[in-house]
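Written below as structure tokens is the structure these notes are about.
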Amino acid sequence: MMETGALNLRNVLPWLWTVLWIASIVLALLLFVGAPVGEALSGFWQGAFGGRRHAYLMATLSRSALIVGMAISVMLSFRAGLFNIGGEGQLVAGGLAAGLIAILLPGPPLVVLAAAIAGAMLAGAAWALLAGVLQLYMGVPLLVGSLLLNYPIRYIGSYLVAHPFRDVPSGMVQSYLVPQATWFAYFPGTRLDIGILFTLTATAFALVYSYGTLHGYHTRLNGLSADFARTVGLPVRRLTLQTLAISGAIAGLVGAIAVFGIHHRYIDGMLVQPLYAWTGIIAVLLVGMVPWAVPISGFFFAAVQTGAAGMERAAGVPKEIALVIQAVIILFVASRVSGALSSRAGRGDGDA
Amino acid sequence: MAMLDLLLDPSFAASIPRFVTPILLAALGGALCERAGVFNIALEGFLLMGAFAAVLGSYFSGSPYVGALAAMLAGMALGLVFAEFNLRRGGDSIVVSIAINLLAAGLTTFLLRAIFDVTGAFSDAGIVGFGPVRLPLIEDIPFVGQILSGQSALFYVALLCVPLMHVFLARHRLGLRIRAAGENAEALRAGGVEPRRVQLVALLACGALCGLGGAQLSIANVNLFVENMSAGRGWIAVVAVLLTRGRPWPLFFIALLFGAVDSLSFRVQGLGLAQQFTDMMPYLATLIVLVALSWWRARRARGETR
Amino acid sequence: ADKLFVYVSPDALGVNAFLKMGQTGIEAAGEKYGADVETYESRTAAERLENVNAAVNEGADIVVLLGFEFNDIIREVAPTAPDIQFLMIDQCIDDRPENVHCAVFREYEASYLMGVAAAMMTETGKVGVVGALDIPFLHRYTDGYAQGVKSVKPDASVDIRWVGGESPFADPVRAKEQAVAMNAAGADLIFTATAGGDFGVFEAAKEKDFKAFSVDVNQCPNAPGHIVDMTLKHVDTAMVQAIGEILEGGKQLTVSLGLKEGGMSAMALEEDNIAGSGCLIADHPEVAAKMREVAASIEDGSLKLEDPMFAK
Amino acid sequence: MRVELNGITVRFGPVTAVDDVSLGIEPGEIHALVGENGAGKSTLMNLLFGLVRPAAGTVVLDGVERRWSSPQDAIASGLGMVHQHFMLQDTMTVLENIVLCAEPVGRFGFVDFAAARRRLDAIAAEHGIAVDLTREVGRLSVSQRQTVEILKVLYREAELVILDEPTAVLTPQEKDRLFDTLRNFRAAGKSIVIITHKLDEVMEIADRVSVMRAGRLVRSSLLDETSRQEIARGIVGGELPEARTRKAQAAGDVVLSVRDATIARRGRPVGPVSFDLRAGEIVGIAGVSGNGQSELVRGLTGLDPLLSGGISLCGQSVETLDVAARRAHGMSYIPEDRQRMGLALGASVSENANAGRDDRSAFTTGPFLRHGAMMRFARAIIEDYRIRVAGPSAAASTMSGGNKQKLVVGRELTRNTAVVVAENPTWGVDIGAIDFIHGELMRMRDSGHAILLISTELDEVIALSDRILVMYDGAISGEVSGGEANREDVGALMMSRGKAA
């Protein structure tokens, strides 16, 4: 019993140091720009979790819906040893497919919505599979192929909504609105759409998949050592493609959530500029790909972002300082968490 | 026909080095990290920081060389931050990279306001840039002369860096150790050299090279600093490094391809191609080169076993 | 102060003179009407929504939204916050609730004038225009300019190009390359609407010795001897004026600001400032005279211009 | 150089790897260090070499107490070490590997390769070692790599040379050559520490032998003052099992038949190879590593495709089937490389034990895993194969080499397939584990399974096999019946393209 007490202290102390470091750097920055420290900190907290009727917490949740979704998608690939950093492309493919299907497909709203979500998942899966095929059959390393594939889809999307499917009167590069009946409802009394339920479903799926299914078990072995997987007769190629498809489908689903829950159309850049995919990647890496910690990590990043915005508003902290503060938090927390959770698979083991 | 005119246009030739130089310098820096086993994808942030420091140095000294020096120092400072959090504290390299990109974006904008009291951009006659360097004789060669002559000093530095880095990695003591750190760090440690120390040196050198790349952006291609002016070039450098696994000569050709296609893509806009498609060109070209290369390698490998 | 005005920008203020003017405008309005003011900068589509929600949540009296990016958001949010007045600048929505007001500019009118000047001054018969990104809004500049050119010199060619790339609104390097490329292709007068890229175009003008037009505010001192004229967009005065009318109880106001209303202008039209502006137009009275003449015909309606933003 | 280790203790977290060990190493002696897997031999030597730091104790060199802050200090004081897992850079040349960390530099820090080459030529001449300095190390055979490691030590002019299991990967001839070199060193007054699991080698070369068990030094004495049995008892901490005798048994039907199989490799392909394997026999494939055995195994198991030829397994041709199908059809495989191919080190023991299990319904319900069933299965293997590990949910990486190997063997043998392909199954494991694994293979044979034993360990092949095929240069150079095999004949076949029997 004594032992665990001492152990706890040993576990907590480094965290205290981390918090102290962050606090002193943030304090120095705030003092330097002459921002009111108390207001800035309460602005950060309020911006992430507060607001009238928790309006800002809802904003954080809304952001987490996308970030956690992307993190889940990335996690499934990474744990399988597939260094798929093409989540962004898969996200865009999904959002684009969701938007276009909802505009073009006639029919009752629920059918259209279901078709659009299915289409988005298919599109995301297809884009991920493309990277997989490039690796398996053309010898382009997944890391490079998936990264490169982010760009064409971004520009294809941009072209489609700039020319053939552009909502001209709106004056922007964006598609027409999807039918209003397909929009995700808000939770009563909030401005939080039900998109987060899809993310929660995907998260539950990913956790069950990772911890409790044969397929998840096999992909994990493949991720830990592709040589081992091949030796014991696991279908490595098929596992690779299937995992990429699942991962891409979830990214595509996130695209659909953004379309039906937030923007109600495909706006050029709406999925790329907020760096959802990259945030997802760092959320996964921050916790060393441990599945249960991924949603928490994703929520953490969403909160840091909305908190920084809150600090900008409340204390007039310039946005560049908010950026620096975010960077400082990530740097210190990253080095702390990586130390604590060192159960990581060698990345890139499976590819190249 | 119009395409041919475009390709033979001397200003097209002259513009290639301006596209190539920042990417090449950043990629060379990234290559050092790659070879040393540091997965550094913060080149974007390094470039941006360099671009800002170059303007700072040049503005206060009136000399582009001081600007370039300042850029190198600033890049090295970021390299140090990277080393502290990745090598010493063991943070994941991708997470650290992305945080450093954020840090650079925030710091440059903040310093822009704090030092020059402007937001967004700083342009001033006091910023002295690198002038064109004319190479007599060479400049008279058609087309090639346009590429090789009349460029900024940094372009020649970048060109020189390619063979230098090749020789450095092959024959220099530190080059050898950098390669060892990247390939089998444990063996290097058993030989008595702490790999992380070697990796730190690689990071610092990477910072210096990226700093120079940033200087090319801000005091050679133009004479000003604009928020976020690295504009994705660091990511292109990352792609180039990953593609070539950090080998200097292939890296040079990939950077050249990127620069030339990017520069060309501008010009085909003049032919009425949608901007989205011209923006896509460098990436598609790379994918095509990649697929062609691996196809060719596979064919050769098959030939070998036969 | 008992009132709160919030200005929500569609993008980071950064180098965007137009968005910065919005900030000047809100501050002037706050001063004039005794209100606290705050600026919420957005960087992405999602942040725009979050910021508007935040403005509502913070209990603002007037929320000023600059740019056409806010249509969907206003449609959604304004009905839920009837006590809050929304002022949209640059765009308007149909069927709007009483608490939504609009102020739009007709940038293409001033751009048209730039085209007229370019056509008169070109020696090669080729002129160019660089926009940041091929988006409808920027066609108000590029197309307006092209129409102006054609109106004077129907056989002149107008090269329209875009900066594009990873950060189209803040890439002076690419903007400069575009200008250099156009200049190499023969264009000797180049209009730049590239936000952060403008500086790059000015650099090119200095280096290759061609002349340029720019947008929003007087940029002539940035490249003395190379900038002919620019479209001036008086967002700040428009904002103060519109907020005043809203405070007086106006409902569903619509303000359209072009040359006639003084919302848009050009240096050539500002006879008081022209001499000290550092702009080349000061040395070309005949061009300035023609521009004033065309401006007059636009103002009195004898010359009708289509809004290029809605052209297919 | 005289070395004294006094009261050394090394801890890794809660594990005490070395517990209060005091040991002396005299100049001009060959000092053998033996002990079972995980006894702490490598750790003790790593400590002497500055790679790990002691929790207690001192290192004294020639009467002076020393404290290393890194291996660099140890190297500077005249220590050299050839590690159990080679410390080489695969993409670098031999020359680059040798000079790395001890580079002769010219101007601006550029390496003076010419000077290094001159010195190496002298060293090579002195010790009779030949290796092509310009070859890339990744392309070298294991024994050549070891030569490189030894050259590294010589190049640094080490006075004390530590070799951690240097013979595990060598053929008898290569081993003899290595031992000649070591005797050479001894004659030159250098001290040598050699870690090995092979008592024959200890008896052959050592002057003094120290035995470790569970982190403690059990005994340390001159070879003349002890015996083979005494050493073995020290290692296992009790009596050794009886020597095994092979039960005579008629071989049954052909279960694996290989016809003119050729498999790709760098340079010329391997093959054509033909042989039959019958139920109830162990067929050994002997040969110097690098003569095509590993390619043959990859071809047999389906890891690599055949270029031509056929394989029939239990009467069905399987050459076009993938690994899973061949396994399902009756083949198990114990790979040589347990770290990379045999186990997923990051996964738990249970996850490793259940991988590749045929009867999925035994541990799944629909797509879901039954963790309880998986754990039970793993626990059964742990018990049956006497694996020393914290439990089924411990990470595979926490086991010692011998226990890792037992887990692989256990997983594959419990599949009970007609054919077992075992590749160097006792590589680097201690004598207790070797005996156990040999026993299991014999048990399988006796119960009518067919075993293909591929081993570079000649004694192992001779002891276990009913028939021995010898591979040389990508082909089978001869066949010897197990009963009448002797080391010399088989060794001769290993070195030449003898007449195919």
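Per-chain numbering from 1; labels A, B, C and D assigned in written order.
The criterion applied here is as follows: contacts are C-beta pairs under 8 Å (C-beta built on N, C-alpha and C of every residue); 3 or more make two chains touch, one makes a residue touch a chain.
From a predicted model like this one, the values you see are computed outputs, not experimental measurements.
Participant: Starting from the Cα centroid of chain D, hunt down the chain whose centroid lies farthest away.
Facilitator: Most distant chain from chain D: C.
Participant: For the interfaces A-D and A-B, which has the higher count of C-beta pairs in contact?
Facilitator: Spelling it out, more C-beta pairs touch across A-B than across the other pair.
Participant: Between chain C and chain D, what's the gap in Å when you average each chain's C-alpha atoms?
Facilitator: One centre to the other, that is 75 Å.
Participant: Please tell me the distance, in whole Å, between the geometric centres of chain A and chain D computed from their C-alpha atoms.
Facilitator: Spacing between the chain centres: roughly 45 Å.
Participant: Please work out the Cα centroid separation of chain A and chain B, and write it as a whole number of Å.
Facilitator: Here chain A and chain B have centroids separated by 28 Å.
Participant: In whole angstrom, what separates the CA-based centres of chain A and chain C?
Facilitator: Centre separation, chain A to chain C: 35 Å.
Participant: Among the residues of chain B, which ones contact at least 2 other chains?
Facilitator: In chain B, 109, 274, 276, 279 touch at least two other chains.
Participant: In chain D, what residues contact two or more other chains?
Facilitator: Expected reply: no residues.
Participant: Going through chain C residue by residue, note those that touch at least 2 other chains and give them in order.
Facilitator: Within chain C, the residues that touch at least two other chains are 12, 133-134.
Participant: Which two-chain combinations qualify as touching?
Facilitator: Here the touching chain pairs work out to A-B, A-C, A-D, B-C, B-D.
Participant: Could you list, by residue number, the parts of chain C that touch chain A in their complex?
Facilitator: 12, 38, 40-41, 43-47, 49-51, 53-54, 57-58, 68-69, 71-72, 91, 133-137, 309-312
Participant: Considering only the defined contacts, which chain A positions touch chain B in the complex?
Facilitator: 33, 134, 138-141, 143-145, 147-149, 151-152, 155-156, 158-159, 162-163, 278, 281-282, 285-286, 288, 318-324, 326-328, 330-332, 334-336, 338-339
Participant: Residues of chain D touching chain A in their complex?
Facilitator: 301-303, 322-328, 333, 335, 337, 340-347, 351, 355-356, 360, 364, 367-369, 371
Participant: Touching residues of chain B toward chain C in the complex: what are they?
Facilitator: 9-12, 15, 18-19, 109, 119-121, 123, 217, 221-224, 226-229, 231-233, 235, 263, 266-267, 269-270, 274-276, 278-279
Participant: Where on chain B is chain D touching in the complex?
Facilitator: 171-174, 176-177, 179-180, 183-184, 186-194, 304-305
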